[in-house]
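Encoded as structure tokens, here's the structure I'll be asking about.
By written order: A, B, C and D. Residues from 1 in each chain.
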Amino acid sequence: ILRPKYPVQKLYAFSTIQEVEINLTVIGQYVDYLVKEQGVKNVFVNGTTGEGLALSTQERKQLAEEWAKHAAAIGASGIAGIAPFFFKPTNKDTLVAFLREVASEAPGIPFYYYHIPPLTGVKIRVEELLDGIKEQIPTFQGVKFSDTDLLDFAQCVKNHKEQFVLLYGVDEHLLSALAVGATGAVGSTYNYLGKKNNLMLEAFAKQDLALAQRYQFCTGEFLSFVFKLGFGVAQTKAVMTFTSGIPMGPPRLPLLSASVDFIEKAKAKMTSLILGFLSGMDLLACVLLAFLEHYPKVEPL
Amino acid sequence: ILRPKYPVQKLYAFSTIQEVEINLTVIGQYVDYLVKEQGVKNVFVNGTTGEGLALSTQERKQLAEEWAKHAAAIGASGIAGIAPFFFKPTNKDTLVAFLREVASEAPGIPFYYYHIPPLTGVKIRVEELLDGIKEQIPTFQGVKFSDTDLLDFAQCVKNHKEQFVLLYGVDEHLLSALAVGATGAVGSTYNYLGKKNNLMLEAFAKQDLALAQRYQFCTGEFLSFVFKLGFGVAQTKAVMTFTSGIPMGPPRLPLLSASVDFIEKAKAKMTSLILGFLSGMDLLACVLLAFLEHYPKVEPL
Amino acid sequence: ILRPKYPVQKLYAFSTIQEVEINLTVIGQYVDYLVKEQGVKNVFVNGTTGEGLALSTQERKQLAEEWAKHAAAIGASGIAGIAPFFFKPTNKDTLVAFLREVASEAPGIPFYYYHIPPLTGVKIRVEELLDGIKEQIPTFQGVKFSDTDLLDFAQCVKNHKEQFVLLYGVDEHLLSALAVGATGAVGSTYNYLGKKNNLMLEAFAKQDLALAQRYQFCTGEFLSFVFKLGFGVAQTKAVMTFTSGIPMGPPRLPLLSASVDFIEKAKAKMTSLILGFLSGMDLLACVLLAFLEHYPKVEPL
Amino acid sequence: ILRPKYPVQKLYAFSTIQEVEINLTVIGQYVDYLVKEQGVKNVFVNGTTGEGLALSTQERKQLAEEWAKHAAAIGASGIAGIAPFFFKPTNKDTLVAFLREVASEAPGIPFYYYHIPPLTGVKIRVEELLDGIKEQIPTFQGVKFSDTDLLDFAQCVKNHKEQFVLLYGVDEHLLSALAVGATGAVGSTYNYLGKKNNLMLEAFAKQDLALAQRYQFCTGEFLSFVFKLGFGVAQTKAVMTFTSGIPMGPPRLPLLSASVDFIEKAKAKMTSLILGFLSGMDLLACVLLAFLEHYPKVEPL
């Protein structure tokens, strides 16, 4: 009988620190924020959101070391490989041969395949890829699955959930992926909505689907809103900066910094969503606090 | 508080009867099968699976009348409109104007929008479409949502579930759609896997997710298998024919009948899946029955 | 030896007359305009630009008859079939079987295949389709090729130009198609830029490539400009109306009439392009005429 | 008046030498072959066909130096930049900002933009990109245009042919691009069909279009044939190896070496195409030679 283990979900977050020069000094603060404020359990360094592909090898090493220093307690470990996306592999065998080469460079370290067809254009089904992969890549450990093909994902769960870690990477579809057996998630919104998503995981584990939906709809409402404004890695940095107070710095080319207009609208939306989760009394307190913040010199009668 | 109503899900099935001449005589038998064997609650006549677009207006009328005669007890009612797909509407206003024209031809009858971007190429978000549609189309009642964009679907649930019926149409993702609030489903696999899906709905309503997954994985395994062989409306007819015993007839051009090779492989897969759901004793009984069917003259000792 | 016959190019134009009710009364005037002002040799009735797919069968018949009455001198003859585009044929055999059915309804009339993948989504290579088609469809006569795959088109010319008529349908690429052997063209811009295109054909036939390019760049410049504004069948009607002075009427849903802003900008662009073809003296005369038109009461000294 | 300068077309060829270790020793021989046998005037080093993106920076430098040493007489000079294709620029300004960064690293060297949307997914129109680019990138010199959008290419010719070099990069469409004003070509087939293409350029310059078509159809027929078998950079290497006799070595991952079956079929096709260009007497001589090669011991009577 299939029995998914809901209590052990984990949340991962991308590193997003970067300036004209990468800024290593804020990483400690960033780690603290992710762990304490967002409940993040692991970090995914030098990924898409961390603009890994815009960094030099030297910079990627520096970042990985700095994160490792601060994040020992979090327990990050393992490396992930993406499909090549200029010359694109067109069948399973070619992709496996490529990933084997990459994994063999670090023979003692767990290896993950990072499946992200919307950016790579490589659509080889993961169900098919996983079939027999352990014989080809002994360090193979799991998949970060960043695609909306939940049939493929469900087949991975059905056939491989005992053997591999199956992390889901489309944040706005996480609840749907949990329904078919996802046991962990990696995504950029967990930088600033990690806490809400942890609450969703808890609600789901307790079979309180109505509450879980409420949290999923919160992420969905935010993303639906910002997608219409244009939303990518640059905008994610801006949202993380205003949410955490930690300066995430500008993106590198070809990305351009988020506009002031975007930041204002995204901030207002985020505030209204957070307020929506408060009870009547909490809400009253919030409004009073905001009022006092703006009119600090109001004298009591 | 959001509170989805799981107990009231409905299953709908497409009509797939058609031969060189449409064959009205088997519809009674077909209705009986859907209701008794598959637990289908409503039928969607002249849709994609029923090859509505390959029929003349006259034929569609005959079919609709014949179904209505037999299916009074099922309670089918309402019409559905698809987006035009040669000249494609490029924004909400144009699509609403078009649907309004269609709906106004039947002013007393509930109207549904049938959203199927993979076939129409029209990707206007339904969340946006529904916003204010009741003022434009007074008979508007709901959506058949045949797409994998579960963010869009979840936003429809979040904003419109009190007002509209939101039916989900990607059968292999149904459990994922239930997780974000779907309350009904329309799809071609319910012709032959309707019972399994009704059991999934029941398990989901009772919060037995492990069991619900088992049923979803059954549909997923079957579809993953036949997708690799090439699977469309013609193959659906063949599967329904060997499952129900009712002759569904060949498809019309540009569809060609399923090959004998397809039918054999699909049949073997379906059998192994059905057997997979049986307990040890049931399985033994099954094998004995199959044995007796092949060797009917075996004498008891 | 390959020897394309350049002197015999033909130009075809789509019919674009249509109002809330189709307006048959202007067709005579439309025919006169196409023949006399634009040098069009054949017409393609009820095609894409003529919104054939938005008309009833009855309306299509009325239009075809009215055009035939006026266009006897032009010599229109033959019917064209498009690939089905809801259920899409996925291989040559299915498409041929479908076209054979259509062609067999009019056994004495030359049949053309209208290849337009950007609208139908059917990308079966025409080179492959033509191979052996005459045995399957005895009335097969040629292709209207509305795609930018000039390798496929060139292969059709290379292998089939003696047997079939190969008309090219991407107006902005016509000179490029002539270079690989097109001997005729069908397209919507020939309604209002037919004369310029006939001059291009003449220049090409006389091997004056520099002059031919000048005419091609004129069409290209106009289309590049209007594509940025949003350009489709509705906008084509508007351009034809202001160019010919014949009221083309509004499009049917899902198309909406061109905006006033579009019409003004397109008109200004067209005027500046036409002026660009005039010599210095002609230009002076034009400016004087325009001046007099605006200030008709200026008295000579 | 527009007056394209046909006599000065140039042909460029990609470098395709590479083995498990890059093999610098055959480059001298390769240069000789390209110049003497194929009439190539310039080389494009470390491009798509040369698998530049599969090489380390160190390897790319070594290759560029080795080519420069041997190719001084050819006069290669200039660097080319491609659009970033993981994070994709979505508008002109971002792409220009990115290219400016790249070009500024080599301030004295002419800079070219390598436009190849089928591989990068970046579809920003080149016409728009070129508008004002010289003010942003002072070393900007031209474009390698590897796309089938000949309207965009023609607009570049119309507006910028005095200022920039416009090289066309879709080999099977070259004659169509010449018709709208291309004055040079860069492509992988010029490695082995360079001579035929130079003859096409000559025929085109002399306005012998029938002959030019014959050469274009030769390239087209070869590519149509190998596309059906699956054709990419790995297969190009194989074709170049059997045509030139110079060992091009295997490709790097994710590309896999061409199959023996592919090589045999491609070789047979190439041979039959080359034979097709011979006169009757030449052909007879050829057949005799081939006969003698197979039956060397046949004694004269």
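Throughout what follows, a residue touches a chain if its C-beta (ideal position, glycine included) is under 8 Å from a C-beta of that chain, and two chains touch if they have at least 3 such contacts.
A quick note: this is a predicted structure, and the numbers were derived from the prediction, not measured.
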| query | Looking at B-C, A-B or A-D, which pair matches C-D on over half of its contact pairs by residue number? | reply | A-B
| task | Please report how many Å separate the Cα centroid of chain A from that of chain D, as a whole number. | result | 42
| task | Round to the nearest whole Å and give the separation of the Cα centres of chain A and chain C. | result | 51
| query | Quick one: do these chains touch in a line, a ring, a star, all-to-all (complete), or other? | reply | ring
| Considering the complex alone, what residue numbers of chain C touch chain B? | 51, 53-54, 83-89, 93-95, 97-98, 101, 119-121, 232-233, 253-256
| Interfacial residue positions of chain A with respect to chain B in the complex | 1-4, 127, 148-151, 154-155, 157-158, 172-173, 175-181, 207, 209-210, 212-214, 216-217, 220-221, 223-224
